[in-house]
Structure formats: C-alpha cells, structure tokens
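Encoded as structure tokens, the structure appears first; notes follow it.
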Amino acid sequence: MPADVAIIMGSQSDWPTMRHAADILDELDVGYRALIVSAHRTPDRMYEFARSAKADGYKVVIAGAGGAAHLPGMVAALTPLPVLGVPVRSKALSGKDSLLSIVQMPAGIPVGTLAIGEAGAANAALMATAILALSDDALAARLDSWRAARTASVAEQPSDED
Amino acid sequence: MPADVAIIMGSQSDWPTMRHAADILDELDVGYRALIVSAHRTPDRMYEFARSAKADGYKVVIAGAGGAAHLPGMVAALTPLPVLGVPVRSKALSGKDSLLSIVQMPAGIPVGTLAIGEAGAANAALMATAILALSDDALAARLDSWRAARTASVAEQPSDED
Amino acid sequence: MPADVAIIMGSQSDWPTMRHAADILDELDVGYRALIVSAHRTPDRMYEFARSAKADGYKVVIAGAGGAAHLPGMVAALTPLPVLGVPVRSKALSGKDSLLSIVQMPAGIPVGTLAIGEAGAANAALMATAILALSDDALAARLDSWRAARTASVAEQPSDED
Amino acid sequence: MPADVAIIMGSQSDWPTMRHAADILDELDVGYRALIVSAHRTPDRMYEFARSAKADGYKVVIAGAGGAAHLPGMVAALTPLPVLGVPVRSKALSGKDSLLSIVQMPAGIPVGTLAIGEAGAANAALMATAILALSDDALAARLDSWRAARTASVAEQPSDED
Amino acid sequence: MPADVAIIMGSQSDWPTMRHAADILDELDVGYRALIVSAHRTPDRMYEFARSAKADGYKVVIAGAGGAAHLPGMVAALTPLPVLGVPVRSKALSGKDSLLSIVQMPAGIPVGTLAIGEAGAANAALMATAILALSDDALAARLDSWRAARTASVAEQPSDED
Amino acid sequence: MPADVAIIMGSQSDWPTMRHAADILDELDVGYRALIVSAHRTPDRMYEFARSAKADGYKVVIAGAGGAAHLPGMVAALTPLPVLGVPVRSKALSGKDSLLSIVQMPAGIPVGTLAIGEAGAANAALMATAILALSDDALAARLDSWRAARTASVAEQPSDED
Amino acid sequence: MPADVAIIMGSQSDWPTMRHAADILDELDVGYRALIVSAHRTPDRMYEFARSAKADGYKVVIAGAGGAAHLPGMVAALTPLPVLGVPVRSKALSGKDSLLSIVQMPAGIPVGTLAIGEAGAANAALMATAILALSDDALAARLDSWRAARTASVAEQPSDED
Amino acid sequence: MPADVAIIMGSQSDWPTMRHAADILDELDVGYRALIVSAHRTPDRMYEFARSAKADGYKVVIAGAGGAAHLPGMVAALTPLPVLGVPVRSKALSGKDSLLSIVQMPAGIPVGTLAIGEAGAANAALMATAILALSDDALAARLDSWRAARTASVAEQPSDED
C-alpha cells in the first residue's frame, strides 16, 4: 500500500495526539507514514521533506505542532500539496497559541486547520480521506460506510450508566 | 467549464470577504459557483445544497460565515466532500467567534479552516485548487506558476514610497 | 405528565452536565424528555426533532453542546419554540468556544444562552420553568417556593467546617 | 395594547442598541415599555421595578447593559419572570466584559443571554415573542410569517452591487 | 475591638479564598466581621447590609465573588463607603469573568479591584489597612512593621531545598 | 487647599484619560497635584516621589499607565499609602495588557484597580474621595450630594433625540 | 559603516512598523540593512539569508512579521546569532496572533520578543544596540546619552496644550 | 569563572522555572549567579542590583517573574545591559498576565521576552549565550555543538514506547 498521506509532527511529544490521525487512516485503509520533522530543531530535514514530498508520492500532508507552531505553514510554503494543520495542546496556553500560529496564515499559503488536540488529529485524517476519495471510489465508499456507522451508533437517549 | 468548487456564504454581507476566493479561482481558471446559503435563515436550502453537492458535481465546498458560524460545520455533516471554512470578521469580536465556531469541530466531521477574513478566503481558493490539482496536471502546473510568480514578485528591500 | 421540555444534547458525554437540568425539572415537577441529538453526527435526526418539536407538544427546548456547538442555533433555526443553549465545558478551551458558538447568533434566530457548564444547565431548567409558569399558576407557586427556600438556606456567616 | 415586555437599560447610551429590540416588537405587534433603570446609579428604582414587574403585568423582561453589566442578573434575582440579557458593546473590550458579566450567572438565577450588540437586542425581542406566543396563537402566526418572510428574502446569489 | 471592616462574600464556597483577607486582618489587629451576602440569592439581605453599612460602623467593605460577580458593584452602588472587590476564581474561566464583572464598573460607582484569588483577598485586607491607617498612627506603625518584616524575609538566593 | 491626592501618570499621553480624575476632584473640592512620573523613563523620580509621598502630605495616590503598566505597582511597593491604579487604553490590546499588569499584583502589595480608561480615572477620584471622607464629614456630605444628584439625573425613559 | 544589524520583515506592509527600528539605529549610528525576507513566500531566500547571516557579518537579526508570524522563529532555527522578534499588528486580531506565534518558541530556539507594533520595533533596535554595546564602548556611551536625554525630556507635569 | 549572566527572580517559587536557565548555562559553561530580587517586596535591593549590574561585571540579565510581572521591565529601566524576560506561569491566568506585563514595554526600554514557563527560561539562557558568543569564539563553538547535538538527537519516527 503506497503512503498517500504523510503525518509529520514537531516532536515525539506530539505523537499521543497525532496517533489519532494514524488510527483513523488505519480504520479507513489509507496508506501513510508518520515522521518527526521539526521546523525548529531540524530545519534542513523539514526543507528536504517538504521539497520532495510530491515527488515522493505523498498527496496530502498532515502536520501537527504546538506553541509557536511553524511546521504546517512552513511545509505549505515549500510544497504545492494540500497541507492540513493540527494544533497540539500546549502547556501554558492550552493550544490557543498553536491554533493561531497555524490558522492565521497570510494570503498565498493555505493551511487547512483542524481543531485543537485529538479531535483535530482525527479530523485531519478524515479530511485527507475525503480529499483522496475524490479520485478513489472505493475509498469514497469506505468513508461513506464509516460515517454511516458512526451516525448509527448514536444512542437515542443519554445513559446514567457511564 | 464545470463548477468544481461551490463558494457558499451565510449572507450578502459576507461577499466582500468571499469574493477574494472567487478572484483566486478566476486567476487559476477553476470553475466555481457562488451561492448564498444560510444555515440559520434558510436551513432547508442548506440541507438541499449539502445533500446534493456531490451529485451536483462539486468536488470542494468553501463556506464562509461570521459570528456563531454554523454553515461550514453543518455542510460538512451533510456531505462527504471536503469542506473548507472561512471565518468572516464579526463586528464585536473581530472574527474570534467565527474562528472558534468553525475550527473547533468534534472528531468525526472535519472542516479545514483558513485564516479570519480576506486572507482566509483567498487561501480557501488556493487550498481547493491544490486539492483539485491532485488529479489535474494542467491545474497543478498553473498553481505552480502562480506560486512562482508570487515568489518572484517579492522585492528585495522595503520601499519608502508606499 | 406531558413533556413540556426537551433536553437535547450532542453526545452522551454532555449528560453529566445536562443532568443538572433534568434534576431541577424533577424538583419542580416539570415534565421533560432527555434525548441525544447531534447536529454533526445525526443531522437528519436533528432536523426531524426540530421540525416536529412544536407538534410533538414541547414548549421549550434546552440544548447543550460543546466546542463548535451548533446544536442550539440549528434547532432554533428550525422551530419557532424558545430555545435555551447550554455551553458545555470543552477540553482545550474550557467552554469559551462553546459559549461563543452558541451566544453569537445573527439577528433573526435567537438562542437564550446560559452559563458554561453545570450552572448553565441548572439555570436553563429554571428559565424553562419561568417561561412555563407564565401560563401555569401552580408551577409559578412551586417556582416561588423553590426560590424562597433557596434564599432561606443561605447561612449568615461562612463556616470553617467545610 | 398592554405592555407584555419591559425593555430596560442601564443608560441612555444603550438605547441605540436596545431600540433594535423595540423595532422588532413593533413589527410583531407586541406591547412593550422602554425604561432606563440603572443598577448602579438608580439601585432603588431597579429594586422597585423588579419587585413589582410581575404585578405590573409584564411577562418578560429584556435588560441591556455594558461593561460590568449587573442589571440583567440583579433583576433576575428580584423577579420570577423570565429575564433576557443583552450585552451592549463596551468601549475598551468591545462587549466581552458585558457578555461575561451577564451570561456567567451562578446556578439558581438564570439570565437568557443573547449576542453582543444590535443582533442580540433584536434577538431578545424575537425570544420574548416566542415565549409570549406559547399562549397566544395569533402572535405565533405572526412570528411564523415574520420568519418565513425573512427566509424568503434571502437571495440565491451574492450581488456585486452593494 | 470594633469591626471596621466587613468581609462579605457571595457564598460559603468563597470562604477558602476570602479567609486570606481575614488572616491578614488578624495579623494586623484590625477588627472585622465575615458575612455571607449573596447579590443573587439574598438580594434583600444585600440591600439591608449595604444601606446600613456606614451606620453600623464599618469603614471599608471587602466583597468577594465569582463568575458574573455583581456583589462588589451592587454594594458600591448602595453605600458611600470605599468598597474593595476580590475576583474569586471560577471553574470554567478561572476568574477572568469574575475580574471583568468587578473591575469594569461605569463612571460613578468605583470598586477598587484586587487580583484574582487568594492574593487578591490578602491584598484587599492590606489595602483596607492602609486606608484605616490614614487616621490611626498605631495601625500605620503595625503596617510598616509588617511590610518591613516581609521585605526582610526574602532570601538572597533561591534554594533547591523546596 | 492641601493636596491630599497625587495623580501620577507615565506620560503626557495618559493625561486625556487621567484628567477625568482631576475633573472629579475639582467637582468635589478635593486638593490634588497632577504629575508625570514614569517608572521606565524616570525611575529615580518615581523612587523619590513614592518614598516621600507620605511625608509630603499625600494621603492617596492615583496612578495611571498603559501597556506593561508598572507604575501603580512599583509606587505601591515604595509607599504605605493606599494606591489606586487606572489602566490606560493601549493601542494594540485596548488596555487588556494595562489591566492585567496593574491588577494581578502578588500578595503583599495591593493596588486598588479601576476600570480601563476614562471611567476608571473618574472612579479612582471617587474612590479617593470615599477614602478621605472617612475622616472628613464635610467631604462625606459633598460626596453624598454628588451621588444623589447623579441618581436624580437619570431619565425615566430613553430618548430618541440624541 | 558595516551592517551589524539586519532588519528583515515578511512584506512591504511591515515597513511602516519596522522603520521605527531603522530610525533608532540611525539615531544611534549603528549600521544596518533592511530586507524583505518572507518565510512563506520566499522560503529559499529566507534559508539563504539565515544560513549566511553570520558569515555576512551580521551580529544581530531583527525580524518583524504579522499573523502566523514564522519568520523570527525560522531564522532563529537557522542561525546561531541572537534574533529579536517584532510582532506586527494584524488586521483581525490586532497582533495577538503575531505575538503568540513569535514568543511561544519551544525550548532550544530562542527569539527575544518585543512589544506589538511600533514600540516593539523601536525597542528591538535599542536591544540590538545594548547587545552590540557590550563590546563597543563608544556605542555604549552613545546609548547612555540617548537614555539620559530621554529621561531628561520628561516634563514634570501634564500639559493641557496637546 | 566570572558571572557574565545574572539570573534574577521575584521569589523562591519562581526557581523551579528559572533553574532551567541555570541548567542550560551549566551545560554551556557560562558563568552566572542566581538571585532573588523582588520588585515589589525588595524594591531597594532591586535598585541596587540594577544600578550596579554593569559595574559588577554582568553582561546580560535574565529576569523571571509571574502575574503583574514588573521585575524585568524595572531592571531594564535601571541598567543599560540587555535584559531578557521570562514570564512565569501564574495560577489563575496561566502566565498570560506575566507575558503581557513583560513584553508590552513602551518604546525606550526593551525587554527581550521569551516563552511562558520552563521553555522560556531555557531559551533565555540560550539567548544570553548567543549574545556572549558574539565576542567569545570558544563559546560560539560550544553553542554550535550544543545545537548540532540537539538536531542530531531528533528521531526519524515517533515511537509508541513512551
């Protein structure tokens, strides 16, 4: 299975968040690779990754980072591929800094930004899937099933049990 | 030229922002249709639009809204297509409410959110283009040229003239 | 006892908050039904609920949701009944996103918004009761007693015991 | 026409905002009285107003105030009637202080809070109407017409004219 | 010892914060009384307290409250005595709502506001002492000693021990 | 008339705000002196002012500053007199930075903080007056009259004229 | 005069802010060069600038940017020189996004951040001067004079003239 | 080894944060002294420290403080040396108050501000090192090695182990 999606993150500490993206891609049978690429600590690695991402066969990049989160925007500056950004929750500001650093990109370089934290990571994977499904009917069918199953799983009434 | 992109917005007052998306799509020769679809004032129209968007041939939906901005998230709940959200600047809170209402979607229903205001509208168009370019090499080439021209246009030094 | 009030919420995880509304309605002998209705995961269920809420005999709808909280506003767009919104506390932003997503509705579609979290859920029930009491003198008397008892229960001085 | 609704505000400077509530009530043929009642400058007037509001025949109170906005909550403490709060935009903080001062009421004393500024004032009037319409079928019909006319007035496409 | 200072608070749950004011007054030998006076649950008690505070011999009122914190401002509207406000930390917004509800008073009715939480309670007591010391030289001397002792207690270097 | 109150401010640009304090003291016949004392540009002047303020006969210090507003807190560290702080509106953050820099003092050094901007300046003067009135019955009577006149000036109903 | 300081900025639109840095360096006779280097539009130019900045003889880099401001942090990742960041005021969020994007750098890559806007630009120049003055006694003397003159220019009392 | 860097902090409670600065300086073999200097509790000590810092041989001052954090800015007003500020996380506002109190300095007195908390403390040490390295080639080499080692330590892929 080729890796259509790259899940990159600034550090090992982002993995507990970003693995929610990997889990969804596993469920939907979408190929991906998860890599640590730090804009600040490994800027050369980032350049190389971003500059060759398209030639390497990736179609969508999911980038997660926290605090002054520059990874998604910098990768978007260096590749024409669609880049999805996941603001990882930060210690002091709970991800508000991550969110603004990722979403407030100037005109010209877009980053499709998802919610802060685990929900955002899961949704980045679903968004990547929706993008890939535009030219993959089988994947589109799997995504439809996933969504339908999720709808069907919602109980009618709240339960006091949990 | 088929309309691959739908640009929808909650009201006429969002158009001065959202036309920046239309302008970029015009520059890049991407077909689109611009529609007013209000989640709150025309919920039935929204349902119909979103439920039939894929069958109508759209591939990407760009949705702009301000304040308690529910349009992008509701459309994303009703279509499997990728949905991009543009937070329109609001009067009292300058778009901070629009941003949070759009980006903080729960796991399961993604909205790829762009920056507040005009920059976000322009970037939604560029993001839509990058998505469409995945299966359209001619468009990919046009996007590369657009990006290269933009890079080339940056002056070396600031000018006191303007 | 007919169900005058519908307590709806986006997911089971909102119930620990929303049951404070149910508790108050129990204390005041107001009929209600508690339902899970997700704007994002079950949009059709939401449409059906909201469109038939008045015909089903409800008089007031209490809707709780967190994050990009679209449920209260969307229901308000689909029913002429008074809708009360409860911003549920969210993980990263502690309910600030929920509050703005619920309260900042555009002119035309009102949601009477209460405080973030449990206090808001309790107060939504009290507000619903005050609305119903306008045409139910017995209920008005029960509400007056409830309020008087609560006033009487306030100690004169703080105690070091707790 | 009896005054079912009291529109109160902390000062003359709130009237440009609050008259949007009056305008909507005029359109819907709902009786109201507009009064200046300041929690801080005229606390006795506020006590008298709130303590006698029900006996005076009011059914709903709409209270607008800005900054450290105590009027809605204090009136809600003094009357069993439903109280709707409108956060008026403040100079330095653009109504964020008004919003939090009104909406964050402790459990026991609810204020149904609307959006900051003019939209909130208009919506308070619509909310009051929805409440009154529960026991007034003619008013319910007028409200339905008002909502339907508003839905019908939404153009299909944005116009470059304005 | 006459009670020169009233320490009032909206509920028993504010006492763990407000007792830091009491502790400081104990240390400085300033007479005080601690009372629960809720603007929302016991508005009549609040009126009576505030209206008679001066006649009852109080010289300074310290008022603590959280969330939509109306107690300090309402008391300030009802008594000519200096009123000091302490924003108690709230659950969802960590006292930011309390702070804005207390400090953003309109021109005409001042509340001298201290920091959020325990530091603010302690400082309200020190501020009250500084006010009383203006006409009590013995108290002024005690306050000077207290401040000097505190200055003297600051170590020269940080210690790894704690 | 001796100057009981010092009105100090960080720069000439604060005077349009702080003169609202001076105006109120003029109305109430309270002696004051207005001085520019910058914590950052004239730290020695600040030290001398604060260290000698009590000996110079001042009883209350009103300090206004904007941005990283250190003047009120530093003066409070250097004098035992009660210090009132006025957060001046700042350009980028509209006084939110000024407010937090003034109000969030650590336990031990209190600054009684008023609202952001002109209302805060006026209220600092009223608070200073209330403090001085504790030992000046004539001033207390003037303050009572001022408050009563202000209450009496509140119109019953809003006027469309302004 | 060699250029010890590089003043870089993301776009021409930052120059009205950043020229305040240039003005201060002119006053203090410090050599500098002002360049447009966009992290997002000209990432290669940024890499080349940053990688060769030390070899090119620069000693301090001042970088200004707005919104999702990645320039200061990325340059700091690519050069061992001290980097000072200036958050330029942004349209929707008034520079709050710029500030957080610049200051919240992860451990390992420091950016010395100054205030939002013109004050920050001026202070970046003063900070650069203080750094260079550590090994340049003549410059240290000029900086001392500049500071002394500024202190001397503060009037004793506010003037109603301006 | 002479102490080129002073690490000062407002209280012992800041040491768990500020020791991250000390640790980095230890790793890089930079001489420093750690001192408690409180702007509010020991203003005289602060004056003496700051006034003599240059004569005492310090070249850079790192100042950490929380809440209404005045220490960095006041020291910067009293010494021509470069001052780096570390916003310590505060209890109620998580360091947002500390950040604004430190970074928003007026034009004329710069404080190079780092991130909130431990990352900021570590980065202040790295920034001080970069400044000292401008005239110390051996230190520059050590800093280069430190940065290179850090880059080399970044794993290629996230690990599920931790």
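A, B, C, D, E, F, G and H label the chains in the order they appear, each numbered from 1.
The definition used in the following text is that a residue touches a chain if its C-beta (ideal position, glycine included) is under 8 Å from a C-beta of that chain, and two chains touch if they have at least 3 such contacts.
Just so you know, these numbers come straight off a predicted model, no measurement behind them.
Any chain that touches subunit C and also touches subunit D is listed here: B, E.
Comparing chain pairs D-E and C-E by the number of C-beta pairs in contact, the larger count belongs to D-E. Taking the mean of the C-alpha atoms as each chain's centre, subunit B and subunit G sit 35 Å apart. Distance between subunit A and subunit F, defined via averaged C-alpha coordinates, is recorded as 51 Å. Centre-to-centre, using mean CA coordinates, subunit B is 34 Å away from subunit C. Among the residues of subunit G, those touching two or more other chains are numbered 11, 41, 67-68, 92-94, 96, 103-106, 108-109, 115-116, 119, 150.
Taken in their complex, subunit C has these residues touching subunit E: 89, 94-96, 115-117, 119, 150-151, 154-160, 162.
Put simply, subunit D touches subunit E in their complex at residues 10-11, 39-41, 43, 47, 66-70, 73-74, 76-78, 90, 92-93, 96-97, 100-106, 108-109.
Per the touch definition, subunit A reaches subunit H in the complex via residues 9, 11-12, 14-15, 18-19, 34-36, 38, 41-42, 45, 67-68, 91-94. Contacts from subunit E toward subunit F in the complex involve residues 20, 59, 80-82, 84, 99, 103-116, 118-119, 122-124, 126-127, 130-131, 133-135, 140, 143-144, 147, 150.
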